[in-house]
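So that we are looking at the same thing, I have put the structure below in structure tokens.
In this document, chain identifiers A, B, C and D correspond to the written order of the chains, with residue numbering beginning at 1 in each.
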Amino acid sequence: MSSSDRDDPAKRASGLEAAFDEPAFVPYLAAGDPDFESSLEYVEALARGGADVIELGLPFSEPIAEGPTIQRAVARALSSGMTPERYFEFCERLDVDVPLVCMTYYNLIYQYGDEPVRSFVERAAAVGIEGFVVPDLPAEEADLLREACDEFGLDLIFIVAPTTRGERLERIMAQVSGYVYVQARLGVTGARETVSDHTAESLQRIAERGGSAATDVPKAVGFGISSGEQAAAVVEAGADGVIVGSALVDIVAEGDETGRPTDAVAADLEAMARELKEGALAGGQRRPRPERT
Amino acid sequence: MSSSDRDDPAKRASGLEAAFDEPAFVPYLAAGDPDFESSLEYVEALARGGADVIELGLPFSEPIAEGPTIQRAVARALSSGMTPERYFEFCERLDVDVPLVCMTYYNLIYQYGDEPVRSFVERAAAVGIEGFVVPDLPAEEADLLREACDEFGLDLIFIVAPTTRGERLERIMAQVSGYVYVQARLGVTGARETVSDHTAESLQRIAERGGSAATDVPKAVGFGISSGEQAAAVVEAGADGVIVGSALVDIVAEGDETGRPTDAVAADLEAMARELKEGALAGGQRRPRPERT
Amino acid sequence: MSNSETKFGDYGGQYVPEALMPAIEELTDAYERYVLDNEDGFVDEFRNRLRDFGGRPTPLGRADQLSERYGHEIYLKREDLVHGGAHKLNNALGQVLLAKYMGKERIIAETGAGQHGTATAMAAAHLDVPCEIYMGRRDINRQRPNVFRMRINGAEVNPVDVGRGTLKEAISETMRDWATTVETTHYVIGSVVGPAPFPAMVRDFQSVISEEAREQAIERTGGLPGTVVACAGGGSNTMGAFAEFVDDEGVDLIAVEAGGSALDVDEERGVAPNSASLSIGEEGVLHGARTKLLQDGHGQIMESHSISSGLDYSGVGPELAHLVDVGRVTPATVGDDAALEAFHRLSTDEGIIPALETAHAFGFLEEALGGDDATKLAEPIVVNVSGRGDKDLEAVIEETEARELPNAPTMEVFE
Amino acid sequence: MSNSETKFGDYGGQYVPEALMPAIEELTDAYERYVLDNEDGFVDEFRNRLRDFGGRPTPLGRADQLSERYGHEIYLKREDLVHGGAHKLNNALGQVLLAKYMGKERIIAETGAGQHGTATAMAAAHLDVPCEIYMGRRDINRQRPNVFRMRINGAEVNPVDVGRGTLKEAISETMRDWATTVETTHYVIGSVVGPAPFPAMVRDFQSVISEEAREQAIERTGGLPGTVVACAGGGSNTMGAFAEFVDDEGVDLIAVEAGGSALDVDEERGVAPNSASLSIGEEGVLHGARTKLLQDGHGQIMESHSISSGLDYSGVGPELAHLVDVGRVTPATVGDDAALEAFHRLSTDEGIIPALETAHAFGFLEEALGGDDATKLAEPIVVNVSGRGDKDLEAVIEETEARELPNAPTMEVFE
């Protein structure tokens, strides 16, 4: 991620939001799955396929928010030797031109370096990461991370769940930056055949109680999206972007299990990325989007 | 047992006591072990070998006073179809010239016929039985059986155990008739290599607390005697006779297990009987027996 | 000095080998002095240990789901919560303690389900007396966990290979040991059976159940129960649950026996496919007492049968036989299938996994109150939960699978 | 309205997915209203059910043989006598009842040793709520009887095949279920771990242990105990046994963790051959709370190890971590071998077969008081017997045979 204008911390926050100027495709992969070098190629393939932001997972041994697909990805990455330090090297090696978001669990952020949290954020900023998604860190416990993000100019993305309502929603929306991760349905990550009806409902709720951030901060919908069609539907329902993880990890997993060549897997990922990106764009065209288009 | 002078009830009691005029050999076998016909031959062989009284077991399903050897004999007899009725037939068929004592458990005596206990005793008397040994019937519970025995002129033999002392001993000795079954050691029936030292001690105790019966009623010692040598030692210690069960049953059992011909087994039994009888006689010679010899 | 009862009507007595009679006289004396007359504070120590070691009092709790199901107020007396998992400790602790007061150095006991053996092993370990348990080979194999427990408590377990290898044979074998070792050894008999003074003494140790239940019922419901239900093998939990109510004429007492697979007897094979001696047994003498027995026409004892080892016995306590004869106790039978169903019902509906023995008492509730031709029982009903079912898990699973019971859970979670 | 504690010093908090936060807020509210303020008589019903269904109070009994062995007055708080066989029901019953008050229709729980799963399944059956239990595959195989019990109580048991298949994975998987079903479902967490309000709430449900023990000690010994000893996995029996003594400065509180096979960690393999998070763990965040953890230098959670499934966990309750940091609670460790020996000692000497978890507390007694360099502990000593060992029999036999322990009985009675 040898980029130029993201060296200035002040600009980063806008970097993420800008990625949603058109309906965005936000893929997730676990760094180091199934090994360091293949994983680099896979992430780069996603960028080629049209990713607007990449959520790059730093694997944690207890991924309590993940379904079986990503649990296994995390296990593969861990056993291939992925560590926070190697993760940062991975980011440095990565040759993509899209913003990176670090997706990980709080304990890894907390344990790194001499100063809990701050050391990790500092190092993340140095390797070009622009934001964080931390599934086990609700807004209530996020002060330390928020401070460090502010210090180094990174975004702190929060998840809004179908159960997040009323005052909670207001509190989260007041703290969020970069984008809002709208969880499409209850449960853990994992590809689904059909996308839940919660999307429109959730976006509606955010619009009602989200305050100024509801209009200012993009809303990316994730959890279960696995096809261009679904991506289109989600965007049509009002999302500013789609987050896709398990459907992509499935391709990596299958490649690993069947021993396919890395470049073949990378090509499939790129094609899948393209389908999803095109879906998102198609969804955007199918609806009136006066505010952002 | 087609005998003549035992038809008169009044003479029966003396019949048993008379058997101890010289040191007596009192063998035990379970009637019907391992089958009706062989068993007849075995009992007759004992008579030929010198038995003075025969304790003929009527098998009961819960022989709580018996060791493994006799338990197995009882099981063989039961599975060959022995019942109280068949037992009486067995006695009728038996061609021996020695008094028979029925050894069984109380429930069989209690259940037989229309009148509890009395029916059984009546029938036993009719087939020529002269006495009873009932291991699970202590003197305290023996009233009904005693009455019936008196009515039909049979002896009721009680066991005196090593633990029987003081008043208990007196009470038992006051009720006993035929002979006293002196239990040589604690425990259950079964052949032993060595005979316990309790014999002399028990006889001593009986002499002290046994009242007139201590001198009038013969004392037969049993539990564990398995050789002529032991028989001699027991008689020498003062017994009027030896009761031998398991050592004889062992011969029956071995014959049954190895499929030996009945007459060969019978011959062995007869030889063993002879050894035991001779042992008893030898024991008698080795001690001064002014009162009875 | 109080006198112990040796007969209950015509039942009871002391039909044992002479070698044991002196010990039984000694025991009778000790029973009268220590248990009946509290000499040397025996009863106080017993009660304290029952509380501190045994966990008494046990609760009397309302069975909400069953009460609703049957439209009757149902309360459970929770002997399953006694240390070791059954009422058996009440007696075992009493007898082992008594043996210590008597200066005995060694304890032996028979066991069927293994509950009495376990209770005795625990009591013996607690009171520091060596202990050996006789157990039929068949029962060893169907009650493995209890065998482990006895061994782990330091008791020897002596397998009995005679006959069918169940409780009857174990009792006979223990009596044989006792006949050999009677001078130093106390035989802790496990139910209200055997020669006097055992039936009265075991009842006295167990009557803490009804003593508590009576008080608790009055406190909780404002009065005496209408009905008390208990399963009956030898009848110790039964007599324990009934004892203090026997004089309360208004309280119905129901003893539920194992109906096994059928209520008849196979004279030919000498086998009764049930253990219903109160219901179909005949008077006779076994294991030291005159009582009701499963026997053939000749007086040979039949092999009994029950899905529950602890009820699988051809005899029954003489006092219970007497109370049935005089009409004070009503006998009932529940078969293997109904007991198994009741086992699952209590487990899923009340969250209490009962012993298979205990399950028979609940099978009776279903049969009396569950069907279309349901009768009424006098309320409130107290059911004695004589023990917990941990020991029965493997057997239950096997028996359940063999029957494909509709209300039973599957076990396919294991690979 | 009372306020619940969410932090204990720096420990505790609520580190959970956003989807769960509303449920946790709802739970916090319910905890404060029902548990802390007894709204709708919740606490009264809870106490009554603990008594009638759970069998409380449990006794505090003197351990005669151990007292003699160690020359110290030793008393046992008998949580092994609680229905189900462990202290776990205190909490499970409280939470399932609370779930009903909250209108939840479904119960889920994780379990390690199976004791919490069993307790939850029993409570759910008792209160008529459907229930699913997550259990690691490895634990399923080493605690079979408890799996049977859960199934027989009507609970679903969901095997967790992830990772090493122990408690850590089961908790993660239950959290995943909860994240999916949170609107209708209550997650009955099994120890004083997890996000607030669980650690405080579970402690409150368990503190009945020390409430009773405190009263009983005063009544029995005329004063407070000098020392209270409890094993610590997550720490619920520990906090339950300590809670009411925390303010009694003179009472020493000792939390005994599983020392496993060694007290170090294998960073390379990511495995700690122990479960001693209080003793050698580092601050971190796991399963919703900041606490002491077994983790590698990167913050990855280590697989823990203990001979006892119930202690086999990489974390520990945040309040306990805090009490250790401030010096109020002293941590200690006892390894697998010493725990197994202590298991046999309690079984043969006191007639109480403890859970392997519990055995660690007794292993501590031996190590502190048994050797030549024996220290003194303040008397009287109360040891919390957190559970019974029925669930551990097979494992104990296997582990014992592998070690050829001198004080252990053999099992050759089986053919």
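Throughout what follows, contacts are C-beta pairs under 8 Å (C-beta built on N, C-alpha and C of every residue); 3 or more make two chains touch, one makes a residue touch a chain.
Small disclaimer: the values here were computed from a predicted structure and weren't measured.
Enquirer: Which sets of chains still touch one another once subunit D is disregarded?
Expert: A | B, C
Enquirer: Among all the other chains, which ones are in touch with both subunit A and subunit C?
Expert: D
Enquirer: Could you work out which chain's C-alpha centre is the most distant one from the centre of subunit A?
Expert: B
Enquirer: Where the CA atoms of subunit A average out and where those of subunit D average out, how many Å apart are those spots?
Expert: That pair's centroid distance is 38 Å.
Enquirer: Distance-wise, how many Å sit between the C-alpha centres of subunit B and subunit D, to the nearest whole number?
Expert: Each chain's C-alpha centroid was found; their separation is 66 Å.
Enquirer: Nearest whole angstrom, what separates the Cα centre of subunit C from the Cα centre of subunit D?
Expert: Taking the average C-alpha coordinate of subunit C and of subunit D, the gap between them is 34 Å.
Enquirer: Using mean CA coordinates as chain centres, what's the subunit A-subunit B distance in Å?
Expert: One centre to the other, that is 97 Å.
Enquirer: Give me the residues of subunit D that touch two or more other chains.
Expert: As it turns out, subunit D has no residue touching two or more other chains.
Enquirer: Draw the chains as points, connect those that touch, then say whether the picture is a line, ring, star, complete or other.
Expert: Here the contact pattern is a line, an open path with two ends.
Enquirer: Mind listing each pair of touching chains for me?
Expert: A-D, B-C, C-D
Enquirer: Using the touch rule from the top, collect the residues of subunit D that touch subunit C in their complex.
Expert: Residues 51-53, 55, 58-62, 64-65, 78, 80-81, 83, 85, 121-128, 137, 140-141, 144-145, 147-149, 151-154, 157, 159, 344, 347-353, 389-390, 393-394, 396-397, 409-411, 413-415 of subunit D touch subunit C in their complex.
Enquirer: Name, in rising order, each residue of subunit D that touches subunit A in their complex.
Expert: 13-23, 25, 162-163, 168, 172, 175-176, 179-183, 270, 282, 284-288, 293, 295, 297-301
Enquirer: Considering the complex alone, what residue numbers of subunit B touch subunit C?
Expert: Result: residues 60-67, 71, 75, 78, 83-85, 105-108, 110-112, 135-141, 158-165, 168, 172, 183, 186-188 of subunit B touch subunit C.
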